[in-house]
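Next come two complexes built around subunit A: one with subunit B, the other with subunit C.
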Partner chain A sequence: MASSQHVLLSPAELAYLHASLSLAPPIRPDGRSPTQFRPLVAETGILPGTNGSARICFADGTEAIVGVKAEVERTAQRSGDETVFLEEGGAGGDDDDEEEEAGQGLEKRKGDASWVEMTVEIPGLRDDDSGTAFLAAMLSEALLADGGFTKRLWINRRFHWKLYLDIILISPPLSYPLPLLSLTTHLALLSTRLPRLKSEGDEDPFFDDDWAAAPYLFPRTSSTNIATAKSTTPAAAIRPPITLLVMAVGNNIIFDPSKEELAVADVALAVSVTGSSPSHYAATGTGEEAGRNLRLLSIRTVDPPSRLTPPGLANAANTAYGPSNGTMGTQKMAEARAAETEAAEGVWRPPRGGAKRMVLGALVQKVLERGGVVDEVLDALEGVDSG
Partner chain B sequence: MSDRRRVNGPAGTTLPPVFDDAVFEKLDTRNGRSRPPNATRKLFLKTGVTPSASGSAYLEIESSAKPGVSGLKLSCSVHGPRSLPRSAPFSPHIVLSTHVKYAPFATKQRRGYLRDPSERDLGIHLEAALRGAIIADRWPKSGVDIIISIIEGDQDRETSKLQGDEVWDMMNALSGCITVAAAALADAGIDCVDTVAGGVAALVQDAGDGSTPSIVVDPIPSEHEQILAACCVAYLPTRDEVTNLWFRGDLPASDLELYTSIVEHGIQASKNANRVLIDCLSGTVG
Partner chain C sequence: MPLDTSTYNLALLRVDGRRWNELRRVHAQIRTQAAADGSSYLEMGHTKVMCVVTGPSEPGPRRGTGGGGAGGGGAAAGAGAKAEVVVSIVIAGFSSVDRKRHGRGDKRTLELQSTVANALAASLHTHLFPHSQVNISLHVLSQDGSLLAALINAATLACVDAGIPMTDYVAACTAGSTSTYAANDEGADPLLDLNHQEEQELPGLTVATLGESDRVVVLVCESRVQVSRLEGMLAVGVDGCKQVREILDRVVREKGRRMVQEGTVEKGIGLNEMDVD
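Coming up: the complex of A and B.
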């Protein structure tokens, strides 16, 4: 699994790292503050053959590319009250019926989870590796959790867009790639455009071939047209989700951990959230509320690699050095048993057992804080000029 | 060149005729939840069912009163601890590998023999849940395989339309997997800090527009109009710790209490399952 790749740190180094991360305030190896992300370079619209694409490069050298491609697909018909037959849904359909549909179109739209297909490719890992499947499941889960996303892919009752999200990590996985992949996917979806539909009703879809007229999948509401922002429904202003990796060490909560930091984590969580676009909350304008209306979409515990690190041995229990050198036998066994249960200062012990409820609660609360890290990240990504 | 030697079916898809039958109508009506909101379904657990494995367990969750709804049937076998192959790199801990596989006939839609991504995903969740419970450093250089086959998935066969229920069914399956794997681990005599058990709780919207969402434990998707959010918890009762948490849904971030109370209910469900687990294990010892 990607998160549990072996870290080449000795028990002494792990103990030192754990101690420095447990300080108040924590001291991180790269000098960041606990809520600070790694600096990143982002650009969108880099792949001309896609409907939307993005590239993000983190300062530590990890880099990911996401391409979004869309295809028109016939919706599988199920017999039921909403079955459309070719005769009645064709071009010869009566006009009043279609107008009525346009009125209640948004409510009638239905999405299906199978309309989105996500693949994750990580160099050095097999396609069927469980870690890759876990990452893909986590990212698509966040996208599908509210059911609103697939409704955007609805064309008419007979056709829908099938969206393929292909996520490729083009650098070796130097750190757990979840935040990188999630941010890149977010950007790619923000820049995704689908051709403008020209046909009406349940006809076979026919599209405008002018790419400049293609609307964005996530319509952007710039600050200049606040009036239109007001008229859009809150659902339309929802941005694609982002998934953040948060970990707890001692009493500290640390965002976006690097590989070394993750190796001493007591507990690591992947939290997916989504928020409305900033101009929307500016437009709906309850002035005292700073920040977006965030929504919690999914939480998963990530198995921290710290459980797989080698344990340290106190000098007293070490048979090679220390007082017990040479005296083998039952006494040494007893000491070894004691070493297994007691925690000693400066001796690394991989965490055992799970996480306290309070710790999990605190992690989630910290992520969902108003005006917190999520707002910061969403604002920063919104600022990326999408071509 | 088209094939003229055989009588081929029509090129397009066809729909089987659906007759407006009174019997169908009666079956299609959803009946709501018959249990109180904080009661889990009955659980049957038995260890030592596979003689050739070093530890094994079988779990069955009662099907609800509605006919045609199958319960969950899981069988778990634990092989090991055994030494790693010579080619494997040194590991100071036990190497845990988990396989979760739906039987081809376990769900409404047939599953292939190869594990699909959702099954791998379940396997990772299970691994995370168990790794917290096992005292891994007592077996350096060894490995253990935990294999779970889901003989019957917890699915409603009557509901004709697909409503995106699979993911909620996955949560129920995962909580069963965690409980049955803990029983099998104990049967294999692998040291754990505590017996871990899984529990599911969900925020559901019942039929009728006026009703407010409520929290239930051990939800069956077909019994409710809509599931808004659900969480599956793997919980160690004596240490009061959570080894795996999987939450999914759509909740406003301002309402953190709602989230907390869903998790609390999940822990409650896990405690219920744990009681059955303890009874079963102490029954084998005594």
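Coming up: the complex of A and C.
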């Protein structure tokens, strides 16, 4: 697993880091506040040959590129689906009726998880490396979690878009790349455009060859004026998900941990959230509060590398140091063993056991806070000039 | 899609409007990535390549064939008296017009890897770094012909950025001929820097030379070509390599000048002749 890379820190250094991170407020090695992210460089629309693309460079030098390609694919007709379609057709009347009611049409849209294919390439790792597969699964899980995403790929009953997301880590994996890959995927999806459909109903799809007319997969708030914002359904205002790495040390919750900070984490979680765009809640009248509606999609615990760190040894228990040097009896040996298992001030012990329920609750609450960190991140990403 | 090559004779213009001896737009950057020892980004027309160099460093644990490395140092596993050059190429699924997944074990990729590794191992001073390894990882973001040439150029730039001593730039370029093998056309013109469309249709070769000399480091020809046309193609290719070398040199000098101006690096003794304004 890429998260459990070896960090070359001694037990004493780990203990110091852990102690300073568990202060209130925590003191981070790079002087950030607990909710502050490291600066990053992002650009979108870098590859004209793709439907959408993005590149993000993190401050620690890790860099990722995501390209999105879409292909038209024939939807496999299953007998079960056929019967459902017939029933729906009977209830909704003929085709003209369906087109008039766009909202109803949207409900009719069906999606399938197999319409999205995600691959992750990490240099120096095999294609079928478990870590890479896990990363890809985690990212696509967040994307598919609410089931609304694949519905956007629906063209008509017979055809759909097949979306290929290729995620490439350019730099060597210096730190756990999940947040980087997730943010880059988010940006790439925001910049993804699919050709405008010209054909109607269930005929073979025929598209407008004017790329400038191609609508975004996730309609932008700036380009859609008020008139279209009204007609767009709530589902259309949802943004692609982001997966953030959040860790807890003691009772402190720390966002965007660096590699060293992750090495002393008690708990590390990958939290996937999605937010609806500001125009949506402004239109529905809840806009007085800054921030957007955030929805939790999934939580995964990530095995923090701190579990594999070597424990420190208190001076009292150290046979090579202190008063017990040389004359160590069996009784003292037992004492030493007891000391090893008990917590001592300033002695590093790798965290054991799972996350505390209170901490987990606080962590999720912090993530979903309105106008909080996630909002900031989403705003910043939306601000990246697209196209 | 068959390319209509007959139009060339009418105006002596190629499908993308170039003359026979014109390169496509070459845009390059070095030091694109902070974390790497050396990095570069190169565009030759619509072919876009990124390169990251790590090393020379202690060779890591062997990953078997999974790393997709192609040894070019001549010595095995970095144990010899020379540094081993390991090249890994990742061709992005979205790089071509139709999305295609390229596995690590793809034969074509492996061949590209070993070609780039051998070319660079010959010009890098690998004997200065015994028991070590230079990792060159290349990422193909977009393909439009002349892929091998772009890979070699990007790797050269990244090695320059990494500060690995080398004899000279290895600059690469492609050359082709205006008529196919079968057409018994006497007046076939040689072409410089083929794009994807031309590469599909016409015979072509990739040539890389060492610096300003005419010494050929790499010569790859995968298509059938009449022997009488080969010389012309090679001459045009070598000439193109010199142009490419000029461009690469300009990129390196420009970056160096900027770094001196910004005070990132001290102005060296040898740089006095270089006008830094």
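Everything that follows uses one rule, which is that the second predicted complex is superposed on the first by the 354 of 387 C-alpha atoms of A that agree within 3 Å, B and C clash if a C-alpha of one lies under 4 Å from a C-alpha of the other, contacts with A are read in each partner's own complex, and residues count from 1 in each chain.
Keep this in mind: a residue touches a chain if its C-beta (ideal position, glycine included) is under 8 Å from a C-beta of that chain, and two chains touch if they have at least 3 such contacts.
Bear in mind the structure is a predicted one, so any value in this text is a computation, not a measurement.
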Following superposition onto subunit A, is the placement of subunit B relative to subunit C best described as a clash or a fit? fit
By the touch definition at the top of the document, which applies to A:121: first (subunit B), second (subunit C), both, or neither? second
For A:273 in the superposed arrangement: first (subunit B), second (subunit C), both or neither? first
Now for A:170: first (subunit B), second (subunit C), both, or neither, which partner does it touch? second
Have a look at where A:300 lands relative to subunit B and subunit C in the superposition and call it first, second, both or neither. first
For A:134 in the superposed arrangement: first (subunit B), second (subunit C), both or neither? first
Counting touched residues of subunit A, say whether subunit B or subunit C comes out ahead. B
What is the contact status of A:63 with respect to subunit B (first) and subunit C (second): first, second, both, or neither? second
Counting only touches as set out at the top, which of subunit B and subunit C does A:47 meet: first, second, both, neither? second
Report the closest approach of subunit B and subunit C over their C-alpha atoms in the superposed model, as a whole number of Å. 10
Residue by residue on subunit A, keep only those touching subunit B in one complex and subunit C in the other, then list them. none
In their complex, what parts of subunit A are in touch with subunit B? 1, 77-80, 83, 112-113, 128, 130-131, 133-134, 136-137, 141, 145-147, 269, 273, 293-303, 307-308, 310-311, 340, 350, 352-357, 360-361, 364-365, 368, 370
Subunit C residues touching subunit A - in the complex, by the definition given at the top: 33-36, 46, 48, 50, 52, 54, 63, 66-67, 88, 90, 92-99, 101, 103-104, 137, 139, 141-142
Quick check: in the complex, which residue numbers of subunit B touch subunit A? 13, 15-16, 18, 91-93, 115, 117-118, 120-121, 123-125, 127-128, 131-133, 135-137, 160-162, 164, 166-167, 193-194, 231, 234-236, 239-254, 256, 259-260, 263, 267
Of all residues in subunit A, which touch subunit C in the complex? 46-50, 53, 57, 60-63, 65, 67-69, 71, 119, 121, 123-127, 164, 166, 168, 170-172, 174
